[in-house]
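Order as written gives the chain letters A, B and C; numbering starts at 1 within each chain.
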Amino acid sequence: MAQVQTTGESFWQRLERRTQHGDTLFWGLTLFFALIVIGLVVAVGVVTYNGSALIREKVGWSFLFGTEWSPIDTDLAPASFGAWPAIRGTLLSAGIAVMLAAPIAIGIGVFLAEICPVRLRTPLSFMVELLAAIPSVIYGVWGVIVFVPFFTDYFATPISESVGASIPWLAGPVATGRGIMVAGIVLAIMILPTIAAITRDVLSLVPNTQREVLLALGATRWEVIWQAVIPYSRAGIIGGVMLGLGRALGETMAATMLIGNSTRIEESIFAPGVTAASLVANELTNANGPLHESALISVALVLFAITLLLNLAARLLIWYVNRGPVRGGRV
Amino acid sequence: MTIEASPVAMTIQQLKPFYGKRQAVKAVDMEIEPHKITAIIGPSGCGKSTVLRCLNRMHETVLNARAEGEVRLGSENIYAPDIDASLVRRKIGMVFQQPVALRTRSIFENIAVGLRLGGINNKAQLAERVEQSLHAAALWEEVKDKLNQAGAALSGGQQQRLSIARSIAVGPEVILFDEPCSALDPISTLKIEELLLELRRDYTIIIVTHNMQQAARISDKTAVFMVDRDSNEHGPQGVLVEYRGTREVFTNPQDSRTEDYISGRVG
Amino acid sequence: MSIRTSAPANYRGRKVTDTIMRGLSIVATLIAIIPLILIIGYVTIIGGGAITTDFFTKTYEPPAVSDSGFNLGDLGAPADANAVPADTNAAPTPIDPNATPDPFAGIDLGALTDASVSAEPNAPPVVTDDGAVPGINNDMGAEGTGVAEVTATGGVLHAIIGTLLVTGMALLISLPIGILAAIFLAEYPGNPVATVVRFCTDLLSGSPSIIAGVVAYILIVVQFKSFSAIAGAISLTLLMVPTIVRTTEEVLKLVPESVREAALAMGAPTWYSTFTVVVPTAIAGIVTGVMLAFARGAGETAPLIMTVLGSNNISFDLLAPIAALPLITYRYTESPYPGENTQAWGAAFILMMLVLLVNILVRVATRNRLQGR
């Protein structure tokens, strides 16, 4: 025993002598790689910012609100880079997605955390999370080949032909079927799991005492959820919806394949449009000169900045919830 | 109120609480007298809180938990199939171990919540009932100027009295207290004990406590539960060993296990 | 007043609301499950049908067309390749759908890119791959072509190899960064740098994947004047690092403090205990995190469009364009040839199986780990 200890000690001593400042090195090494992660984010910011310098110089930030996107000089008009069609399409499709997905996803979160029998909780959670794992290009294929024809035949065409006559934003013609509405619906499916998982997580953090108080006052299960559980975790749920919005804004493939990629602004939500991400995906590799490329990069920069702000706000809200009950709650 | 006339507020007959297949406590028979404080004491794991939670059907809100037997409030069995648990809980209120202020609600709304559930939304009526309840819980003087502040900002002792006021507001006949002082400091505990003695005039009170001195100080009758370690194959079970006037239980225990317990030899 | 008669006036309404709202939450869950089953079902049935031996062993073969006026073989000739972009640049009008067959087919993209770049060394890469005219709906290609007698030929071996190569390379780059950064987070959790790193990983995993593509495009493709596998790998790195960092940090934090202390008590320095005790204890969890990152990376499409571009041949050249499964899925979905549509579903099927398998494996692995604790 004593011998083992002696050799052990000398081993460590030897090791320490050979690797003097080993821990400092270790600290420095891991810190270096941690800094690389920060560097990646900085690189994204710097590269996109520099890449968009040209358009800022030539046109200025006002190009974001220009309504004409025609990157090619023609005899009729010079090239014009107005990002508004893309920004409008992004906001519209993501807005539709969030409006459809948020209530449903919150319902899923409530069901998984509060109502679902325990035996079903894990498999159902897993299935909902699988929705998030499926690559977006698969949503695109499914959307193009299965969902678009279905939606066009049973919803878009009948709606645009009946009420569409009097309501311009529901008007036809529904040409290929691809458009802002279809993209919004598929995006909604894609962001369901994001919002649902966060809702479920923040609901399960609500202390049971909050539920019992309302139960003991004769509340129904729903009243407990609506009056105690959801108010308690309100901030976290909003955070989840914001993360979902962030995903819908930046989602590229499903939007590219489903929105129709038209930079004309049309009033109808059944009409094709374009999103910031799909515009970049479609045109960056075909950019018609440095100005076009720079305009596309600055669209990407704006997208990055928006998702950055959304993420920051959402993380703060979720952190605020996870921090626990407010000050003064306990003796 | 029927209680005034009757010598018995609640009757517990062959009550068997279960967690899944495991019967947590051997069949309990008790009669609760009106306008008295009945204490339930016993070592950890004897099922005293479980029994208490059976008395207003809060037990069954726990996963897989259920109860067999009869608990009558007056003459009505609260476990009768045509009786809704949420109505039972408005008649038999409950105050929990942890003081609970509903987050995101003001002091006023913390108390009004039960009234609103009952369909009272008239402002004047709410204000009146809230004030009455806060008076009854001896909290009015401390909070009357800050009714719109967050309930969660009150101290622990204040929050526990807030919880009591919230229970009182919906007009119960019986109030169940589940170790209401175990999370409080001695001064707050004293205030709650004084309050309980006050409340006895208007309500029937059942209190679970692991503090024998507390039971001796405030209760009129005491039920002693013990753990039976080798009662059946499902593991230990709680068992009611003695239920009599508090003075007799503490001065002249009939059961040897009670004697061991109150003299500090067990648990 | 008895309990039965004590019901408040609003009692019945509250009960109905309760039932309705609980029912709605079930409906909401079904709304999420139904598309999942539909998507998995469609991809499995149609995509599974595309899976043949050829699919895995052959590379791109131009569709054999019998009734059409044009010959795709012509488009495949490098001589014509330059004509395509030139054409589209000059003609900003919608192209007759019949004249745009699979925009991707038959064009030797490697040659094309090199040719266009070397012709104008100072200009950024011009229109290359799909003949798209910016601003004009070029989805028309999917409709209106009457080409029917096409047999599905060829396979996607080149894309499988491409995906493995690009994603594998991305994994090689992200592994050291991700794991060592995670070790920093787990070992020095209070360090202010750690907070910033955590936020940065959240930010990277929350930012659109196309941003990663744009950055790699600017940094690599524009600088080296060529689309390349390495550019794709670097864009995927941006997306895989955050996944690896977060999952590795989580599992490292699960290692009980006692294990660490046991090693430290023997006099071992921190770095020694980390590499010989902590990391080996958590290795199963780290591997599952890496697998998740791989599956996520393999399915990413948007960054690949602007980095690896695509190719019709098997390529191992890291500096040349390369094929990838998600690109096949994307481009062949729009193809007018049913045979290529089927291949799109087939590629989607492989990707989906990869994702499902990894997720189920991870599920099983983590469940065992939790049970073991």
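Note that a residue touches a chain if its C-beta (ideal position, glycine included) is under 8 Å from a C-beta of that chain, and two chains touch if they have at least 3 such contacts.
This structure is a prediction, so every number in the text was calculated from the model and none was measured.
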Chain centroid nearest the full-protein CA centroid: A
Pair joined by the larger number of C-beta contacts - B-C, A-B: A-B
Mean-CA-position distance for subunit C and subunit A (Å): 16
Chain centre separation in whole Å, for subunit C relative to subunit B (CA means): 58
Between subunit A and subunit B, centroid-to-centroid distance (C-alpha), Å: 48
Where subunit A touches two or more other chains, by residue: 220, 223
Subunit C: positions in contact with at least two other chains: 14-15
Multi-partner residues of subunit B (each touching 2 or more other chains): 87-88, 90, 117-118
Subunit A residues within the subunit B interface of the complex: 118, 209-210, 212-220, 223, 227-228, 231-232, 234, 325-331
Subunit B-facing residues of subunit C, complex: 1-4, 6-11, 14-15
Parts of subunit C lying in touch with subunit A, wherever the complex brings them together: 14-15, 17-18, 21-22, 24-29, 31-33, 35-36, 38-39, 42-43, 89, 92, 123-130, 132-140, 142-143, 176-177, 180-181, 183-185, 187-188, 193-194, 196-197, 199-204, 206-215, 217-219, 227, 238, 241-242, 245, 266-272, 274, 295-296, 298-302, 305-306, 309, 326, 329-330, 333-334, 341, 344-345, 348, 351-352, 355-356, 359, 363
Of subunit A, residues touching subunit C in the complex: 8-9, 12, 15-16, 19, 22-23, 25-27, 29-38, 40-41, 43-44, 47-48, 51, 69-72, 74, 103-108, 110-112, 115-116, 124, 126-131, 133-142, 144-146, 176, 178, 189, 192-193, 196, 220-223, 225-226, 243, 246-247, 249-253, 256-257, 260-263, 272, 277, 280-290, 292-293, 296-297, 300, 303-304, 307-308, 310-312, 315
Touching residues on subunit B, where the partner in the complex is subunit C: 1-2, 73-76, 78, 82-84, 87-88, 90-91, 117-119
